[in-house]
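Consider the two complexes below, in which subunit A is the common component and subunit B and subunit C are the respective partners.
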Partner chain A sequence: MKRFCFTLALVFFLALGSADGKREEKFVVIVNPSNHFDALSRSKLSYLFLRKVSRWPWGAEVDPIDLKAQEPARQQFTKEVLGTTEEQLAQYWIDQRVTRGVGPPVEARDVATAKALVAARPGAIAYIPASAVDGTVKVIQVQP
Partner chain B sequence: MIFPSFFRSIRTRFLVAGLAAVLLSGGLGVFLAATAQRQIHRQLRANAASIAQQTAFVMAPLVAFDSRNEINKALSLLQANPDFAYAQVSDEEGTRLASVGNVPSGPCGKDGPWQILEQGRLLNLKTPIVDGGKTWGCLQLGISRERAYHDAAQIWMTMLGAAALAMLLTLVGSLYLSRSIAYPIARLADAVSRARNGDWEAPIDVHNRDEIGRLAENFQHTLSELRRTTVSKTYVDDIIQSMVESLIVIDAQRTIRTANHSTCSLLGYQQHEMIGLPIERITSDLRFFDAAGLKKSSWNNEEVEYITREGQRIPVAISVAPMRSGGNGMICVAQDMRERKRVERELLHAKETAEAANRAKSVFLANMSHEIRTPLNAILGYSQLMLRDPSLRPETKENLNIINRSGSHLLTVINDVLDMSKIEAGRVQLHPVAFDLGGLLEDLAAMFRLRAHDKGLTFEVLVDEGHALSIVADEGKIRQVLMNLLGNAVKFTERGGIKLQASLTEREGWMWLSVAVEDTGVGVAEAEQSKLFQPFAQTQSGLDTQAGTGLGLAISREFSRAMGGNVTMRSTVGEGSVFHFEVPVQWSDSSAFSRKTINRRVTGLQLDKPAPRILIVDDEPNNRGWLSKLLVALGFLVRNAENGEAAVRLWQEWKPQLILMDVRMPVMNGLEATRKIRAHPEGTKPVIIALSASALDQDKSSVMQSGMDGFLSKPCREDELLRTLQAHLRLDYIYADEQPDPHAKSVGTAKPSHDFESLKSLGPELISKLQQAILNGEKHAIDELILRAAKSDAQSASTLKGLADRYEYDALLHLLEEVCT
Partner chain C sequence: MRYSEIARIGLLVVCATASTAAWAQADPPVFDDAPPPQKSQASGPAAETKFKLPVDVAGYFGVRYTNADDLSLHSSYLEYSASLFLSKTIGRWRFHSELNVTSSPEFASEGILLTPRQGNWSAKLDTLSLNYNLRDWLQVQAGFVFVPTYWREHRYQSTALPVDDPLIDETVFPSAFKGVAIHGDKYFKDGGFSYEVYGGVDQQSNFDRSKMTIERSRALGGKFVAHLPSRHFFEVLDIGFHRLRRAAQDGSIDQLYGVEFHLEKGRIGVLAEFAHASMDIVNGRPRPYPPGVLRPALIPNQSQAVCRRQF
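On to the complex of A and B.
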């Protein structure tokens, strides 16, 4: 676990350096407008998407929604926020399914679906390209 | 059900039951309280665990998102729980994130186990905060057990209080119950046992208003009812113990069940010793104690002997009755008879003494009469014999007459006394024989006419015709009564005359002979009439005459009463008296009486057959002497024997036709001699006549039993003897041609044929001399003067002589005075 955390932190620092370098087509993390948070750290976001925390502090069920693996936002989110690769992530969910009976978050068909799901579900959380954001969802800041 | 002794009281039982209930409820209370306490603590732990897990569940996202405010808010919410003590949330490193209250030190990392620890008044819980498979931190929670303890204590207090209250209530309740139930019951029981012991008077001190009160009240009522209607045991006991008579009660086995004080003192036992004794121990006479026999009848006043403890026998009179209650018990009351027995013995002794004395008196009288009669026999016999001598000087003849008459008088007196003693001894016996009533009356008339005329009185006889008949009665007693009445009439009459009336009447199925003797004498004063018939009580006139025994009328009345008749009298002083004699008689068919013999003098035997042989047996030579002289003079062949033995011998060799047998003799008495003769084959031939001076009738009957044919009492009169010989030997006598009594055949209305005018011829000189001699009481001179008078007037002289002989000087003087005037 320590080893995993160490790797994650290393990945995180590398990604920061590269993002600072490009700054285009950024994804944003959206939640249902009823959500209390305005900002969340990357570790906290990864706890949410890796289903390490099942409830929001006010009690609502954490309902993470993924995009399809070919979506660039996903690739970007996996790399920057979760700090891992798709293969490792797949391996993680196999472990989780075996040990805890928990599977990976729901995969939306497209960005619009993800956004509609977040707007409909109070505990939902998703990531979409920043251009797709509208008033039906609330964007929270991803802090380092 | 057997209880230990202390359980026997209802009060104790109430207390024990109450105590048991208290202990049970107390035990139950403790058990419930302990259960409740355990339940409270279990609940507390369960609640604490639940709170800890809920809190940990809520805490998981808060710790994960590291929201301190939310954590603090959530912790402070826990404070709302009243049992809350403290809470602390640490992260997975053990760093304290938030805390409330006083948290004890101790590690609480992410590896810390879930635990719950009881430490004193606190319940310490440690719970890991887990979510999404990850331990985010640790929750420490402290729950105070203060309230639980408090609640438990309260339960305990309540329980104990309730138990104490229950105990108190039970105690009070059982005390109350024992007071209101057990105590009155105990008092009622006391009263019942007192009543059973006889104390019916004690009040029952129970005043409940419940069932016990009613019971006590009813018992009291019953008791007073019983007290009123029945007597108490002590009362009955008192009666039984106070009885003078002995009382015992025996049961069916004849064992003594009750014995009173009198019995114990009579028999010398203690009361407790008597109970259970068999009846055989106190009496041997068991026939009165037969229960079956008692069913029929009870015994009353039976004489039995009781046996005392010392074995002494006591005569008692017992009455035995079956007990009414049945069961074959008997009640026996006995009375000490010792005193009565003693009195009875004394009475018997006194009676025997009196009877012996009376017998002695009778024997004495008989002996005395025998002793007096024997010499009298000689006197009368010889004087009569001497009078037969024709060569006697008239003077001597007269002297002999006096001796004879005086002797006869003495004999009469003795006979009277003897008769009276017989009457007093109740020994009057009747000897009814057939006799000639007319003859008797004629004899008496002849006898008393002479005496009446001698006294210068008229003598009238009025007899109904047809009385020359024979009747059956006691001739001797009738003769005695009539002689007495006539004698009295002559004795007490100085002037006038005497009337004899006789009649036979039939009345009440009987022939009654009634004779009235009427005189014109001095009469009897009314006051003296009652004394007249009492023995030894002479009337004044009787005393005045100085003659007689005073027994005559008493004997007459007693004899007539013995014969079924009576003698009554009627009298007026100075005018005279009438004595009336009445007696029942029977007709007799016999008529074989030779009449008119009494006054004729026997001078010899008709010599048409051989002279009868007569044996005279007497130990007294004088008696033999005059009898043999008399009989030899008449022509009988006579021999003498001096006792019975000689008589038997003489009879055998001489064979007399008749034996005159004295009864009392030495060597062999008359009775035995008679029996010896009668026992002989030829012994029935001779006629045996007893001669006895004994006047007792019982002697007479023993004489007749011995086989004798007749009885002559000594001294015997000549005529009686000759008549007896005539009757038994069928003799004919030659009678002397004596001067016939001028009145003998004039039965009927006779008038005094003689007046005393002729006395005047005696001359005044003789009369005055005679008067003088009478006044001087010179008997010889009187007799001499009368003899001189007889020369001139024999008839008058004989009258005077009669009076003088009887010492009737008054009459004599009276007569002489009459002549002079």
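On to the complex of A and C.
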């Protein structure tokens, strides 16, 4: 019995350690350096990524860029900013596609690609892990 | 009328996931304040797509088996339906269409038949529209704007079989409409509103035994939906008002009003609708009918609510 309890405790702590090791890095929202905004509210961000708003106030087309579904930053962004789940989001885009003919944002292959696209496109907006930020893109604050 | 749906199988084939990325990459966005980006700039590592379609393509195939207690000849009802959605966005212009093939004859009148009906089978154009986005709050859409079959079959299952007027859709009030609509959305920090004003021809189907006739009338209507602020507590918290006036060729008038309430929180959604209709009004009064003749449509009040829980 002692042995069983020890094994159980070991498994528990190993699992805890593993979960701790996989702790997700916080994402940041990035835009092209020419973007006029320094901060955006969660609501505004969700409107941009759900394609409810198609243009920035100065006329440039909003070009949201998603990461792959398995990226931790995307899962975090979907939950915290869009306030939904991947399944609900998929349903939302199916509805948008059949009623309006509007599809989801472009999906970048990886974080580096997302950053490169944002650096190249004036209207682009994306989210990446904080550690991936460099001088080619501008970080904007996410307000509640 | 009591229906018990035994089985419902829907297979949704969205083959556009890859193609969406493809056309989005193929068509660099148009920027008002800057020259179009260089092709080498606009494309990036992600633009190395192997397969590119010139349009965005999506579709579905559905099979529905229904056991209805009051079907006189057959107690069961089997329906096949498939749709192909083609869309394309270039700058401020957006084209959208739906081609539908169905074995359900009662819905065949809602689109434009592409081929003569073969028995119960029909192939039709359900939607064909062109939208111009001047601003998000000021857009113009023209064409055939019918309630998409997918929307009807997957979102309004309770009303899918008896398609009675008024049927309030979230985007279009008439079930089959050809004309022009001015519409838009405006969002604030929290909340916003959407509106739509449309005018054109509304297409209604009349069944007389095996013969079906299409009745067309001039339609003028609109809707206003307020997206109420909820500080992110609800994903959707909407209240909407709809209005439609139809004038038939024989001079009779239909007046329809509707109010809708839509709420979504997590996996739970509620859509409640109330509608009032004054149908077939001539000179301010309901048209008189001889005794024994059933009035074609008399729906003083109708309300319905759909609650959905996703698992």
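In this section, the second predicted complex is superposed on the first by the 120 of 144 C-alpha atoms of A that agree within 3 Å, B and C clash if a C-alpha of one lies under 4 Å from a C-alpha of the other, contacts with A are read in each partner's own complex, and residues count from 1 in each chain.
To be clear about the criterion, contacts are C-beta pairs under 8 Å (C-beta built on N, C-alpha and C of every residue); 3 or more make two chains touch, one makes a residue touch a chain.
Values in this document were obtained by computation on a predicted structure and should not be read as measured data.
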Subunit B versus subunit C as contact partner of A:S54, first or second or both or neither: both
Which of subunit B and subunit C A:T113 touches, first, second, both or neither: second
First (subunit B), second (subunit C), both or neither touched by A:G135: neither
Which partner, subunit B or subunit C, touches more subunit A residues: C
First, second, both or neither for A:T99, with subunit B first and subunit C second: both
Common ground on subunit A, meaning residues reached by subunit C in one complex and by subunit B in the other: 44, 47, 52-55, 59, 99-100, 102
Subunit C residues within the subunit A interface of the complex: 12, 14, 16-17, 20-21, 24-25, 28-34, 37, 41-42, 44-46, 56, 58, 83, 85, 87-89, 94-98, 133, 135-136, 148, 150-151, 155, 171, 185, 187, 189-190, 232, 235, 267, 310
Complex contacts: residues of subunit A adjacent to subunit C: 34, 41-44, 47, 52-55, 58-61, 63, 83-85, 87-88, 94-95, 97-104, 106-109, 112-113, 116-117, 120-123
Subunit B-touching residues of subunit A, taken from the complex the two chains share: 44, 47, 51-57, 59, 96, 99-100, 102
Interfacial residue positions of subunit B with respect to subunit A in the complex: 58, 60-62, 64-65, 67, 70, 131-134
